[in-house]
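Each of the next two complexes has chain A plus one more chain, namely chain B in the first and chain C in the second.
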Partner chain A sequence: MIQSRPRTPLGYLPILLPAFALIAFYIVPFGSMVGMSFFHNLGGGAYEEVFTLENYARLVSPFFLSVLGTSFEVAFLVALFAIVIGFPFTYLLVNARRGTQVFWLIVMLSVLSLSEAIIGFAWSTLLSRTAGIGVLFEALGLTEKAQSYAPSLGAVLAGVTYIAMPYAVLLLYPILSRIEPDIEQASRTLGASPLRAFFNVIVPMHRTPIVVSFVMIFVFTLGSYLLPQILGRPTNWTLSVVISDQALLQSNMPFAAALSIFLMTVTILLVLLVTLINRKGAKA
Partner chain B sequence: MMKSSALSRRTLLKTASALPLALAAPAVLRAGGEPLKVGVYGGYFQDSFDSFVYPEFTKATGIEIESIAVPTGEAWLIQLQQAARAKRAPADVSMMATVSIMRGMRTGLWAPLDEAAMPNVSNILPTLINRYDDGGLAAVGAVSWYVTVATNTDVFPEPIESWAELWEPKYEDSLGLLALVSNSYLLEITAKTFFGGTDYLSSEETIREVLAKVAELKPNTRLWYRDEAQFEQALKSGEIPIGQYYHDVTGLAAADGFPVRSNFPKEGGLRESGNWGVARVSDKIDEAQIFIDYMSQPSVQAMLARNLGTAPNVARESMDLTDEEFAAVSSDIEPVIPRYDLHFERTDWLNQIWAEMLQA
Partner chain C sequence: MSGLIVENVDKFYGSVQALSDISLIVDNGQFVCLLGPSGCGKTSLLRIVAGLEDPSAGRIVLDGADITSKPAHKRDFGMVFQSLALFPHLSVGDNIAYPLAIRGVPKDKRRAEVERLLDLVHLPGKADRAITQLSGGQRQRVAIARALIMQPKLFLLDEPMSALDAKLRETMQVEVKRLQRDLGVTSLLVTHDQREAMTTADLVVVMSEGKIQQVAPPIEIYRNPANAFVADFIGITNLIPGRIEGGRFEGPGGALTLPGAKPGNATLSIRPEDIALAPQAGADTLSGTVTFVRHLGATTEISVDTGNADEKDLTVSLPGRTHCPLEVGDTAHLSVDPASVVVLG
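Then we have the complex of A and B:
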């Protein structure tokens, strides 16, 4: 690709609109959130525009650190499951017939169109004792009495992974569809089984896309607040649940803003760390 | 992303049944002058007021009403306050939760009302009257509702007689309770049940003591719910067979044939209220007072009990409700009243210790 700077100021015109949009719709709201996080809460949605660190002082506590830990635990496991299921699935998909590919991509896209509330209710019914797999397991004799599997950490992971899966597939699909079929054939010629070819050749080849997809799903999942409420117990409520409670139910905007910035800062640091490690690993 | 708490229980409750009535209601005519703008919670409440209340009020007084849908929670308070700064009133009269009324009082949002112009307000129970420090009337109780112990009778056929039963080991992993300190009011319920009354919640030390008692409910609680529909569905199916829930909604579900029952504990049901506040910047204060006076009549309170399922805010003797009609919405047992003063003054602290108790 040839890149050159515009020769006249007029040449910068095409980037004016995106630049304006970025400032108006991203930097300004974000800046107002940063400002808000330093205001003093008066209750009931009211706040005083004075500089205070009290919101940050409040969040530095073992309690919020443990809630942050819950967020990371959920996001890490969901990203892991989504990749572990999504990568082989996508690999099979790109090698499938065109019709099959289209069918599954449509299925994946339609999952995205579902409301998170509906997904939450569907999973809680599916995992229930009275109408879900509890009844099925009892009928099959797997359990003596029908049990309920929600609310629980497992239910949260199932629900959130369900939402994250389409993202995993859509992230990996364009990358995996560029694999030359020769590569697998070559490894097969050299005596590797299809499974061995997949694990020893295909997966290591895609180390970076896998890490990038993992990080994107991880970050995306950190924002999930509805499913942990519906499918989780209080110990499974993530920092995003606490933020939505503060903003929507407690009307404490300054504290909700401080919590959001806290979550975002830690996330950015973590992503930087992973990128750094991945870069070192790739060189080694 | 969708936020499910935006659905009010009232919306989900009977929208289907209220809709034909709302459509059948006579259209509000705007005969000269601006109508009085009255805001109540959107959904079931607004539909019911549109059908049963406003047309009768207009017939009785000649004052037209413009019905405004008000969001639950504090969003409406914020909107009213912002509008007041611009000297506008998006609604002349609004139905508000008690803590929101108190927050509005602090900024002088509500017009002081003239009691002499509203003789019927003397019918309203004294606990439902909010006054400014100088004695001026700031808000008047509009409607009330009860939260009791709801049970699935297929799973637990025996009636529940006391809130204390919720702590019994036999209900391990069986309860559905509201998730927040400010909507479950479990501190108040626990104080009344085990510590002699809600006055016990007088210091940080005693509040923490009561909170420790609430924490003993954790092993029994399957679902800490924010969304009423989630618990209602689980209660009906028996998935979560016992918990705190709205008395009138449970009664309606039972009438629809679901195996559920609302149990009034001997310590009293939890009684919550909505209140009428009039925006100070409104230029319709006289009409607003006529409206509040009209709503405070025992006959109107009885009508609301029959048609909306709300608990009357006036003495039982003053109304012609039958025993059955009264029991469907209320009880003679002294209720547990939320410590609104506490929730108003110590919002953040209560919320914090509650979250730490629950999520630890």
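Then we have the complex of A and C:
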């Protein structure tokens, strides 16, 4: 890697465009959102450009704290499910034949290419009373009468996990494909059954990538917006839903901005915390 | 019947046959080396013995019990892998204690055992180190200690020293041999390095193309190779094709008296150090033109073109302090002690 600085001011020219794009499309809008969050809302989409903390004061209400709680709960559980399912799946995948690997990676990428709306409605059909798995359960005699499983928290989790899974697999695949097969075999010759070798060696060995993937999926899921509305009850709505509700339906831009900044700050703090814990763990 | 018996083992990978009809007996306490070029099937055989792969046919018997279908984790063997396969997330001590932890041995007992093993491999007091803090040779010792902590019935080594530099490798070979002798553990080592095999083994199994070529003690393998492959693979040798009639060998460059040799077409294997310079051509000399002289210090190597059909020059190795009057282009006369000649069919 070349690390020397350009010798003439002209040498900085190539970064001009990205710098401009960064300022125009990220820093300026973000700055205006920060400013907006301190304005006074007049209602009906109008606001007054005076400094006030009332938007942030409103955040500390039981309602918004519970919405925030729901957001974190959904993101946490989804990240957990995605890793718990995705890690063993990816481990099996990297040990499978080449053709099998390619097939599943294509399946995963196909899931990513699906529209979130389609996934949402597919799940709501699947979990419905008239055409879903409820009918199957009734036919199998598992339940007395077919029932609907959506909308519910479980439905939200299922749908969002479905979207998060490919990310988990694609995050873990390059890391797990680098394991030497010797490691697992060594633990077997030393007396560990394949299952024990997996839990005793393979999982703890990948502590860091597991935590990193968890945080990435957590952050990614925190912004989920469409599926909670399709598959969940209003009590299952995430902060993103409430933000869009404030911005688009209530036309309260200052409060929507404050909510956004609050969500972002909490997320960043959380990520920092986990990174810190992880770094400490890696050192010890 | 005590010891390891490999009985008529075949191994196919798809349609490729990696091992064909391998039979081998390893007595308890013996150190056996599987020696051969890469792709000869030696590693497949070791992995089958370890239980990491299933043979396509044949049986593995240990101390009279058939263990062919016993999974690797129930065999109680210790294995050192080529990559060492140390667990990067565990400390040195936890790596070594892993087999004990799996079997539920209490912590204080594990600790004591680890200390004992670390002393054995000359790494005292390193239990709390991270694997990444160790040098290549130290990691090697940790892998050996981990494989030996359960006092395994069989100690398996898959080219564990191939990643070390030449000097360290020699030291480790001697150390592994000493350790094995002191512990009396039955051992099976896979290597392509004949020096390693000669250093460590009581018995060398030379393999090529999925078949056993010869099983014999190291010096026997060197002095009495069973066939041209073994003669050529172990050390350096001169293979001279020719004909034997009436106790005399006729080949390119001259003739040699070989009392009692069977008549017919034959190939002689003569080690470079078993050839001496003769002052002039005689009834028992081979002659040819010197094509190259190498003064290597400990020895002087002379290449002599005797008109061998496959255009391979004879190599002659003289002790370094012997005066060598020959230069490239001179005619050399070579004499050979008939006792050192191996006649291959």
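One rule holds in what follows: the second predicted complex is superposed on the first by the 264 of 284 C-alpha atoms of A that agree within 3 Å, B and C clash if a C-alpha of one lies under 4 Å from a C-alpha of the other, contacts with A are read in each partner's own complex, and residues count from 1 in each chain.
The rule is simple: a residue touches a chain if its C-beta (ideal position, glycine included) is under 8 Å from a C-beta of that chain, and two chains touch if they have at least 3 such contacts.
The model shown is predicted, which means the values in this text are computed figures rather than measured ones.
Partners chain B and chain C, brought together by superposition on chain A, fit side by side with no clash.
Using the contact criterion defined above for the overlaid structures, shared-chain residue A:Gly45 touches chain B, although it does not reach chain C. Touch criterion met: A:Asn200 reaches chain C, while chain B stays clear of it.
Legend: residue contacts after superposition of the two complexes on their common chain; A:Ser244 is shown touching chain B, with no touch to chain C. In the superposition on chain A, A:Glu180 contacts chain C only, with no contact to chain B.
Contacts of A:Thr189 after superposition: chain C is touched, whereas chain B is not reached. By the document's definition of touching, of the two partners only chain B reaches A:Ala131; chain C does not. Of the two partner chains, chain B is the only one that A:Phe63 touches; chain C does not reach it.
Comparing chain B with chain C, the partner in contact with more residues of chain A is B. Once chain A of one complex is fitted onto chain A of the other, the partner contacts of A:Ser148 are limited to chain B, with no touch recorded for chain C. In the superposition on chain A, A:Glu116 makes contact with chain B only, not with chain C. With chain A used as the common frame, the shortest Cα distance separating chain B from chain C works out to 40 Å. Comparing the two complexes, no residue of chain A contacts chain B in one case and chain C in the other. In the complex of the two chains, the chain B residues touching chain A come out as 1-5, 73-75, 77-78, 81, 99-100, 103, 107, 179-180, 182, 222-224, 226-227, 230, 233-234, 237-239, 344, 347-348, 351-352, 355-356, 358-360. Chain A contributes residues 41, 43-46, 58, 63, 66-67, 115-117, 120-121, 124, 128-131, 148, 151, 225-226, 229-230, 233-235, 237, 242, 244-245, 248-252, 255 to its touches with chain B in the complex. On chain C, the positions that touch chain A within their shared complex are 50-52, 71-79, 81-85, 87-89, 98-99, 102-103, 146-147, 150, 156. Only residues 180, 182-183, 185-194, 196-197, 200-201, 204-205, 207 of chain A touch chain C when the two sit together in their complex.
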